[in-house]
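In what comes next, chain A is part of two complexes: it sits with chain B in the first one and with chain C in the second one.
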Partner chain A sequence: MDILNRNNMKRVSLIALTLLLSISAVTLNAQNNRDRKKSFQSWDNYEITTEKVGVDGTKFVKVWGFAKNVDAAVMQAKKNAVHACIFRGLPGSETAMATPAICPNPNTLEANNDYFQNFFAAGGPWLAYVNMTTDGVPSGTDRRQVKGGYKVGIYVQVMYDNLKRKLEADGIARKLSSGF
Partner chain B sequence: MKKSLVIAALLLACSITGWSQAKKPTIMVVPSDSFCERNGYVQQVNAMGASSTVADYSRAMKENSDIRTLVSAMGDFMAKNDFPIQSLEQELKRLQTEDAELAMMTGKSGGEINETPLERLRRSAKADIILDLDYEVHRVGPRKQVSFNLQAIDAYSSKLISGNTGVSSDASAPMTTLLEECVLSFKDNFLSDLQHYFDDLFANGREISVTLLCYDNCPIDFEEEFEVNGESYELAEIIEAWMADNTVEGRFSTQAKSANRIRFNQVRIPLYARNMNGRDVAIDAEAFVRPLVRMLKKKPYSLVVGSSPRGLGDVWITIGDK
Partner chain C sequence: MLKRLTLILLAVVLFSAGASAQAKVQNVVTSEYNRNSVSFVAVQRGDTYDSTVNSVVTGFNPGQKFDINKIQTGTVSVRKARSESLYRSEIDAAVAGIPFGREILASIFNRDASGMMDDNIVRYRGNYDAKDQDVINARASRVGVEALGDMGHRLVGSSYLIAIDFYGVKSEKDKKGNVTWSTSAVAYAYKIGMSMDSLNDFYEKCWIYEDDSPAVREAKRRAFSEFPVDMNPVASSSNSASGKKNPASAMSACLSGLITGLENSIDEWEVAVAISARKPLRAKIGTKEGLKNGDRYRAYSYTEDASGRLVSVPRGFIRATEISDNIGMAMGETEPSEFYQISGIANVDEGWTIKQSNDLRIGASAAVRLGGFCSGASLMFDFDYIMDVKTNGTMQYLLANLGFDLASLGVSNVQIGAGYAYAWHLSRFFEVAPYGAVILDHLSPFSSFSSSESEYTFLERSAFALEPGVRATFSMAYPLQIYAKAFYDLLLQTGSYYRDYNNGMGAQKHKNDLGFQFGVKWTF
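This part shows the complex of A and B:
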């Protein structure tokens, strides 16, 4: 009888331990999913590289975008390219120097939230400052199916000088000659 | 009625603010000394028996078309930013013409234009910000690659505002294309550094240097003591106290101080000051020291004082003579 009780106790402990481990694994997985979702939702989560020195007034970059389908990801990538020029700056490459952000002040986005909400709205003014240079839908390694959608990389020409002038004219960025 | 009055007052305030524009620094692209030396654009100068070589900018600009390409490309983007740069080539030509005209100029009664040797020396091409440019062409097999170095230097403080180095892509394209690629590569970084420099200028004032010199016929020197508020102070101390009171947040450094010479550097001056008509105007180094000059002319100092500007950001004050 005693042996039987002891065996039962062991079984219960084993079940409890297994349950505990499974719950923590599920929680950890959910946490990872949440983090991943959060990082995908964050606008700062994109990769951009300068490909070469663009023709006068433009920047030639490769930028990545993530969305549920390829078309939306391409659109997001274009938006990311304009976002990088305004807030993040473009990294340098072997033959092109780094490009500083048009608005290097970290508070610019917060201080002009309404302006940028309108600027980056679907079909908003941002579209006028980007040219897609990849013909057709990205394929091969530039089109990756990931959990929750697609991640695509496209080559984009950003009309950097025009974008800068627009932000200067709207009073968001400071003109070099202002004050003189 | 009240509303329209408020709007009118606001518009007036805006227009008054609009008049107060800081003095715009001049910018000039100058080939670096090492570039001139490497390419033989130098001339031998004999100064008091000691021979030395100096850069011959005039020859460099005339004989090297690549420099012209670079200057044109830089001039273009600066003009687009409402900041046209001064042309070194044109400035050198203007000085030559000015020399010739001054030599020929006589008044109706036969008088000639006065010019001291110092005035003649100072009549040279200069700018407030110097863009020191250097580049070298490298051969990569049949292709060419250009490495460049552009430094923007504050002419008065000798501080580096922006430093840009890099290489173009290696290609068999014409030199003009490679040079333009270089300019486009550093353009935005350079403009950003310049903007940072101007932001600092507006926030903390213009950085200037002030040098006080004593002529040998001056009856006193900077160690002479004067009574201020019942206490005896050296003239140098009194001048330092004036600097502390009139600079932005009292920022200045006394670089050198002796009986005959005082030099202040890293002097931060406000961009605007009130003129004799009580109006806010943009000031430079010379306008900044005018009140000091007036103070030294008055009792108890009663000195003969002169001031001579050496550009927007450097001024010499002489005591004992003008």
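This part shows the complex of A and C:
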């Protein structure tokens, strides 16, 4: 009887182990999908690289955006480029130095929430500070169909100096001379 | 014990299936394509054909797609009878014995007898290779369009040496005394072993500047003569030609096929670009990339797998229709060529990548024919060749067919035909093609059927028929298609023996009649 019980216990344990491992494999994938979806939707989670030193007063970057369709993803990518110039700064590359954020203070966004809600609104002032320089539509590996929409990479020229002057004039960014 | 093992195995399989999906490494097709440069050398076998081989190879122009590196050495010797093909090791050893790598560098950098070099060719090629996006990027950056020439430096690593060997050169004489020549050919491709690091090393050690002292100049000249540049074997292709008037024309006929074969083997040689517009499909390639009407490209879109890794998804095939003349430097507004989609469930979309996917443009089919001038069933082998493709989906075909009447009594039957078809695509899956063909219907008694039949006898045993008809083709899963034909066979001119044999066939007699044909077709 004992032997029978022990055999049953072993069988149950093995079945449980099998189920556990299978479920863990499935949930691992599901977790990955959730993480990715979340990362796409996050304002702060986008990739940006400095392509080359831009012409005077501009920054020339490649930036990625995600949205339900290509046009919306392009718009999001352009917005991301302006966002990066203001809050994140631009990373350096082989051919260009890193650029610091116009508003390096991490509390700037929260402190000026209404201003930036208006600034980044659809058709808002931010559009005046960015030009897309991609030839035609995003193409090749820069145009990826992913779950929930499209992820696109575009080349963008940000009017960095103009953007900085605007934020300084609006009292959002501090002028370098203001400390002296 | 067995159950336990099964359960453990099942658990491991289920777990690893989830994990392996993430670990899988996939080759991603990209729209990255840059021009390549080539140098041709003739393989000399030490026989009377050597000079012909040399002149054929020297005079060969591979077209606009490639830049040519004019190197000093035009031949490589392998002492082996021309009746035999070479082993790869034999040609590799011969190529390794000559400093082709340095000769290519000397050509690209225009090196003169004093060891002085310039980068004019490199800068020209950099500008010539630049795409519209490169031009736009350059304009948006401080370095400006002047820097486009710098892109030529990376093209040094895309230099190839092609050694071409002809073997099995022979002539045949027919009954009338006409001599025809045939030959086989192999092209062996080698890629220069120059990374950007080794190129920088080359500039540092071998580049002579105006203000270098004589001692430094001498040291740099010596450094160049010792600079190691490997030529790495990457691919080979073979071809053959026959029925030509002389050895040179037989050899010349092989050459373009050899390049096509190498294109199929060397990934970097396959042109890739993004679709720039829909309706009609357009892409910014043209004569500069050697694009020709009817050339086939495969379309890819991109997605990411569950782990965020890039995956290219094949989405169908398209053919080039209107070819733009894009020879010249890109200015940011290159005129695109047009294409027509021939397969794929989804419509090829803007931004997708298309990549060269050479085919022979030949469709081969096997079919059963009912009716026509044969009363019973015939077995048919049809071939078509795409001559021309238009953006609206119309295509022109050359047709050829070979058929056998399975129900002919007492005689053997062969039908040989040639024709022309003009096709409309109602959708990319469905094609309707009116056609006309001339068919030679040949009857001969079983006992006397032979290839040694005289021309007179052959014609007297034959009839010529005209066949107007229409072919409807449905693409099942490209390149597999099914088709049906409806046609009318009209016997025009019949030989005297043909009439006798035909009358002897009774009810199976060949006559003017309506017929149908059903078959499957595969496009190569």
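Convention: the second predicted complex is superposed on the first by the 143 of 180 C-alpha atoms of A that agree within 3 Å, B and C clash if a C-alpha of one lies under 4 Å from a C-alpha of the other, contacts with A are read in each partner's own complex, and residues count from 1 in each chain.
Note that in this section a residue touches a chain if its C-beta (ideal position, glycine included) is under 8 Å from a C-beta of that chain, and two chains touch if they have at least 3 such contacts.
Owing to the predicted nature of the structure, the values given are computational and were not obtained by experimental measurement.
Engineer: Which partner chains sit in contact with A:Thr99 here, chain B, chain C, both or neither? Use first/second/both/neither.
Structural biologist: Touch partner of A:Thr99: chain B, not chain C.
Engineer: Please indicate which partner A:Tyr160 is in contact with in the superposed arrangement: first for chain B, second for chain C, both, or neither.
Structural biologist: Only chain B; A:Tyr160 stays clear of chain C.
Engineer: Would you sort A:Gly140 into first (chain B), second (chain C), both or neither based on which partner it touches?
Structural biologist: Touch status of A:Gly140: second partner only.
Engineer: With both structures superposed, pick whichever of chain B and chain C touches the larger number of chain A residues.
Structural biologist: C
Engineer: Report for A:Ile86: first if it touches chain B alone, second if chain C alone, otherwise both or neither.
Structural biologist: Once the two structures are laid over each other on A, A:Ile86 reaches no partner at all.
Engineer: A:Glu51 contacts which: chain B (first), chain C (second), both, neither?
Structural biologist: second
Engineer: Mind working out whether A:Ala77 is in touch with chain B, chain C, both or neither, as first, second, both or neither?
Structural biologist: It touches nothing on chain B or chain C.
Engineer: Applying the touch criterion given at the start, work out whether A:Ile15 contacts chain B, chain C, both or neither, answering first, second, both or neither.
Structural biologist: After superposition on chain A, A:Ile15 lies in contact with chain C alone.
Engineer: Indicate the residue numbers of chain A shared between its chain B interface and its chain C interface, in ascending order.
Structural biologist: Common interface on chain A, chain B vs chain C: 52-56.
Engineer: Please output the residues of chain A touching chain C within their complex, sorted ascending.
Structural biologist: 10-11, 14-15, 17-18, 21-22, 24-26, 28-29, 32-33, 36, 51-56, 58, 60, 70, 133-146, 151, 155, 157
Engineer: Can you list the residues on chain C that touch chain A in the complex?
Structural biologist: It is residues 3-4, 7-8, 10-12, 14-15, 17-19, 21-22, 28, 30-32, 131-133, 136-137, 139-143, 274-277, 301-304, 306-308, 310, 312, 332, 350-353 of chain C that touch chain A.
Engineer: Which residues, counting only chain B, touch chain A once they are in their complex?
Structural biologist: 21-25, 77, 80-83, 164, 166-169, 180-181, 184-186, 188-189, 191-192, 194-195, 198-199, 202
Engineer: Any idea which chain A residues touch chain B in the complex?
Structural biologist: Contact set of chain A toward chain B: 52-56, 95-100, 104, 160-161, 174-177, 179-180.
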